[in-house]
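Following this line, the structures themselves.
Common to both upcoming complexes is chain A, partnered first by chain B, then by chain C.
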Partner chain A sequence: MSTAIQTEAGDTFPFPKDYSFPAFFTRQPNLQTHHAQLEKWSALVLAYARHHRLFRLSPTHPVFHNKKLDRRFAEPDARELLEHMRKDGRVEWVGNEVFVYWRKPEDWARKLEKWVEDTAQKGHVLTLYEITEGEATLGTEFHGMDGEVLLKALNHLVKRGRAQIFGQDDSLGVKFF
Partner chain B sequence: MFLQHIDLTTALRPSYLPDEVLLFVQDNVGLYEGKFKLPDQQNGQVYLTSHRICYVDKDEPRKRSLALELKDVERHEFYAGFWKSSPKVTIVPKPPKRASLRQTVSSVSAPRRNQGPNSPRPEGSPRPKPETPVASSATWVCTICSFSNPVPSNFDPSAANVHTPLPPCLACGIKPSLSHVLKAAIASANSRPSPAPAASSPVLPVRSKLLDSKSPREAFSEASSPDRTGSPQSATAPGEAASTFECPRCTFSNHPSLLSCEMCGASLIYRQGAEPEPVAPSADVARPQSPGPAMDSPKASGPGGIDVQDSVKISFRGGGAQIFYERLKGSMTQRKWLLQNAPPPPKSGHLMDDGQSSSGQSSPKHKTVGIAGLEQRGMNMRKNNEFIIGNAFEDLEALMASAKDVVALAERLARQNSAGGEGISVEENAILAESASQLGLVTTKDIVGGGSSQSLYLSELARNLAEFLTDDSRGVLKKEGGIITLVDLWAMFNRARGGVELVSPMDFEKAVRLWESLKLPVRLRTFRSGVMVVQGRDRTDETTIKALLSWLQDLHEFPPEREVPWDWRTFGQGVTAQEAATRFGWSLGVAEEELLMAEEHGAVCREEGLEGLKFWINYIDTGDIKPMKTKAQEDADAVVRNLKESGLV
Partner chain C sequence: MSRKGVGIGAFDRSRLTSRQFASHGSSLRASNTEALTTQLTVFRSLLQQFAQTHAKDIRSDPAFRAQFARMCTAIGVDPLASSSSSSSGAGGGLWAQLLGGSVNDFYFELAVRVVEVCSRTRGENGGLIGLKELTERVSQGRMEGSTEISADDVKRAVETLKPLGGSYAIISVGHKEYVRSVPRELSNDQASVVEAAQVLGYVSVSMLRDNLGWEKARCQTVIDDLMSEGMLWVDKQTRGEWEYWSPTSMMDTEGVMEPAIEGG
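Up next is the complex of A and B:
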């Protein structure tokens, strides 16, 4: 996981069995079945996003289209799915897309804090760019992280008084305490 | 045994004998044996048929239902009810092991009043009486001069045909028509148990001799039945000389000592013995005032035993007694049980013979062949048919007699019609024609009576329907895959009724809804879409789902017809409603509903694709997903989450 490289459409992801079940792509009218369907899809989307280190997802993403079966989880249904995931706190809407929280912001915050402590950077100032793209974070999970998701995680730390954010829009810096 | 246990149909109605016709149904009746209520038979329905009176218990129909055969009935009486006692019909059985030699006369009270108080009680048990043929009181009235002629003693209504010699009218010498005499014979046979003709002439002399030579008492005690029946007259003579005797034929009030009517000459002697002698005098005395409660309890007073039988009373707590009684009288008069095996009535013209025989007759005369022969044959047949119909409708009695011919003819015509008709398959039509005749016992508004007539009609209709559905020979349900929509059933049922007494859709639905409460083996089911179907009680949703699933499971074993992108060994195949309909013999609508029902139960799931709606085994909800959160839980979770976010927890 830690060495995962983001490869667009690289189908190394082991899809679950359900993904090749044709009826899986039709919205089920039976409440119970529908619930199970949503749960399975939600698990699939999270695993898929984690596998590919996806931070943003749109309802028309290729994951909703099984080319082999020629079955598509229609956009309204996908939207319904994402809304269902939002209620569980697994995604968050940004415009027409969602942040996929395969790891929640507070978890990210905990990871960051631990990394800062481990590398003895308390009291230092880091730019956000340094955290996501810098050489220092190579090999950590938050390397290549979506900037906005990182900001949300940092805000958690700010709330708890463990960090301070300053700077302008494009050049944000953070200081850990 | 007088009251017998009977078999019931699946719909808990009596199963009928061949040719038996249902005449009347009444609910809320109870049975009495003699004076006493039969504790187990106090709430049920009574079915009057042409052959039997059947009692079907409401609570324990299979155990407690009884029937008595009309042929065992000696006499029946009506009691109109008084204050709290319900109207009742009393049925007096024939004494066992004796040919019943008495006639039923519906108005027996007057003569019995005479006989009652003074009727001598035999000291010992009455000897078994020798069977003597009863004198035939049958007469036919000449259509020319209105003279009452006796029906010849050797005239057997069941065997008579056109060749039976008939004596001319004694007064004017005109020969009567056969149907006329036949009618008269049947009418007079109304209460005799055997169709054996009676010799009228020998009896009178014997009887008078007896009366001459012996005291009335002796005459009574030794009397063979005809004599015995005469005895009350002689016995009552001293006590109630003033009372008179009504002639059964002309109603002239004769002096009791007379043997034949002064006015019309009809014999008076057979009117009497309608009842076994050892009847409690008190009961008889009480009769004029209140015939009901104390009626006929030979049980209490019967020392002789041999010809003492308990009477059976049917108490009509829900009304309907009057109609029941009328129809009972009618069927006692008709005596269908005798005619059941009787040959078809005599045919007065040679043309009346069947088509085969008529052609057989004509063929030796002139052997026409080819088209001319066929035409000739067709002509003969038509003439024959015309004749049958013409004769049959001449009057009702004759119609009854030639019923078999007419029915056969009607069936033949129906078959011809169906052969020419289009749209309906021949097979279906054959079933319908057949079922129409099998459905002889249709429930009509006419045969049920009483105050609760509407509900009784509906419940009878419900039973009727259940029988119609479950009848194995017809197999209505089976052909439809065990399930049929209500509308289809309604149409089929009304067609099976042959256009008579059609059932209105509203009555139909109401009747169908009664199945549940009547515990009948079929049930009404309403799908979520509002479609109503009828199916066997044993066919529940669970069994249907099981059948569906095992079918879908089979599709895992057999490779699909063409290449499919998914692993059919794992998922099998999706099926359309059309396929399900073909597989199970359902109609398309039913198949759709059944699949939706299975989906509702979570057994299958759907796939909407280019090929339409397909159903699959539900591999989505396999039970490994945690159940849905309730609203309250979600709220609680939201609160906790908010608290966490704000850093409070």
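Up next is the complex of A and C:
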């Protein structure tokens, strides 16, 4: 579970003030307060994931544990939070964790389309590996992207007739139109 | 013939004098009025001029603005109240005309932002927000670098909301001022607990019992009341007695705590 929380770069995520508020980590019994709490957590998780370019997150991720305060947003509470975020379309369950959509697949699709256009790669075939790990995408936002999220984005393009995916499981390629 | 002055002619003369006095009096009154009217006109135009030449300062400098508002109050002019009565006819619009576009609009725009912040944060604080925190939030919203906003401004802006009904008000609890955005009064007990929470940011049953000398049940009841109104957040991970936090301290910039996590 000790996923890389501080592997990427040295820069620190600027936690909001709520994060040093002890009661923030206890599920609030008052309905209205709880809703406000979920909204705050939701914004925090998204900002955190965006900062660290995190694509997957589990309900036991270290972000839910404030070591300094010795407070923990317990797993069931975090699960409830993620479920709340799912209803807003901000996460999607995959087994025991979620994809965090700090950028939604359709927005990734739009970015990809623009990139393909800008780099004159229409009609070319790229492997998914090339997109996430290749030199061509170095310095772009796609580099290091989660493969499955990429596939979701590409499927949006396929649906709109802007791309075609072919190949086998681990050697998928895509052609843009 | 007129030496005696007691003849019939005397009546005429006295009538004449009294008429002269009367006309003189009325002319005096008229000139008085005229002088006053002139003075008022001069005063009006001066104030107008002042408001116009200093419109920028009034808008941009919170200290200047506060002074200006104070001056208006001192001479019996309420730059804000006048415009709210503009609906009631010509007279009401006077000050609005004089100061409009600069002072009025400033406070009304500010009031709109106050309402925005209050309703956005109502879920987390139950409709009770510290004046200082509210001022910070309101200032954050306007990053264009234009105008600085003081707590004094926010207070005035809240006052402009009065005609909308009783829900917006400034209340003082302990040494802190709050803006209340729900039509709900704090009971004495509740106010005591809110005040107690100002010290450390939180309260607990035993803390209230020891400091206020209340029975345990009374402490718990008041806490539960405030909890149900969303004005306290519970922290159950204390390894001891639960602590009830005032959401105000969550927004406090010079808060009790520094950022919680250092990066790796």
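Criterion: the second predicted complex is superposed on the first by the 167 of 177 C-alpha atoms of A that agree within 3 Å, B and C clash if a C-alpha of one lies under 4 Å from a C-alpha of the other, contacts with A are read in each partner's own complex, and residues count from 1 in each chain.
The working rule: contacts are C-beta pairs under 8 Å (C-beta built on N, C-alpha and C of every residue); 3 or more make two chains touch, one makes a residue touch a chain.
Nothing here was measured: the structure is a model prediction, and the numbers come from that model.
Trainee: Once both complexes are superposed via chain A, do chain B and chain C end up clashing or fitting?
Mentor: With chain A aligned, chain B runs into chain C, so clash.
Trainee: Is A:Arg71 touching the first partner chain B, the second partner chain C, both, or neither of them?
Mentor: both
Trainee: In the overlaid three-chain picture, which partner chain does A:Gln168 touch, first (chain B) or second (chain C), both, or neither?
Mentor: Neither: A:Gln168 stays clear of chain B and chain C.
Trainee: First (chain B), second (chain C), both or neither: which does A:Asn96 touch?
Mentor: Touch status of A:Asn96: no partner.
Trainee: Applying the touch criterion given at the start, work out whether A:Phe15 contacts chain B, chain C, both or neither, answering first, second, both or neither.
Mentor: Second partner only.
Trainee: Look at A:Asn30 in the shared chain and tell me whether it touches chain B only, chain C only, both, or neither; answer first, second, both or neither.
Mentor: both
Trainee: Taking the superposition as given, does A:Glu39 touch the first partner, chain B, the second, chain C, both, or neither?
Mentor: The answer is both, since A:Glu39 touches chain B and chain C.
Trainee: Check the residue A:Lys87 against both partner chains and state whether it touches chain B (first), chain C (second), both, or neither.
Mentor: Touch status of A:Lys87: first partner only.
Trainee: Classify the contacts of A:Lys159 with the two partner chains as first (chain B alone), second (chain C alone), both, or neither.
Mentor: Only chain B is touched by A:Lys159; chain C is not.
Trainee: Which one of 60-68, 78-86 or 204-212 is the stretch of chain C that crashes into chain B?
Mentor: With chain A aligned, chain C clashes with chain B through residues 204-212.
Trainee: Residue by residue on chain A, keep only those touching chain B in one complex and chain C in the other, then list them.
Mentor: 17-18, 20-26, 28-30, 32-33, 35-37, 39-40, 68-71
Trainee: Within the complex, which stretch of chain A touches chain B?
Mentor: 17-18, 20-26, 28-33, 35-37, 39-40, 68-71, 87, 89, 106, 159-160
Trainee: Help me check something: in the complex, which residues belonging to chain A touch chain C?
Mentor: Interface residues on chain A, with respect to chain C: 5-7, 10-15, 17-26, 28-30, 32-33, 35-37, 39-40, 66-72.
Trainee: Chain A touches which residues of chain C in the complex?
Mentor: Residues 121-124, 126, 202, 227-228, 230, 233-238, 243-245, 247, 249-253, 255, 257-264 of chain C touch chain A in their complex.
Trainee: Any idea which chain B residues touch chain A in the complex?
Mentor: So the residues of chain B touching chain A come out as 565-567, 570-571, 574, 599-600, 602, 605-609, 614, 616, 618-622, 625-628, 634, 641, 644, 647.
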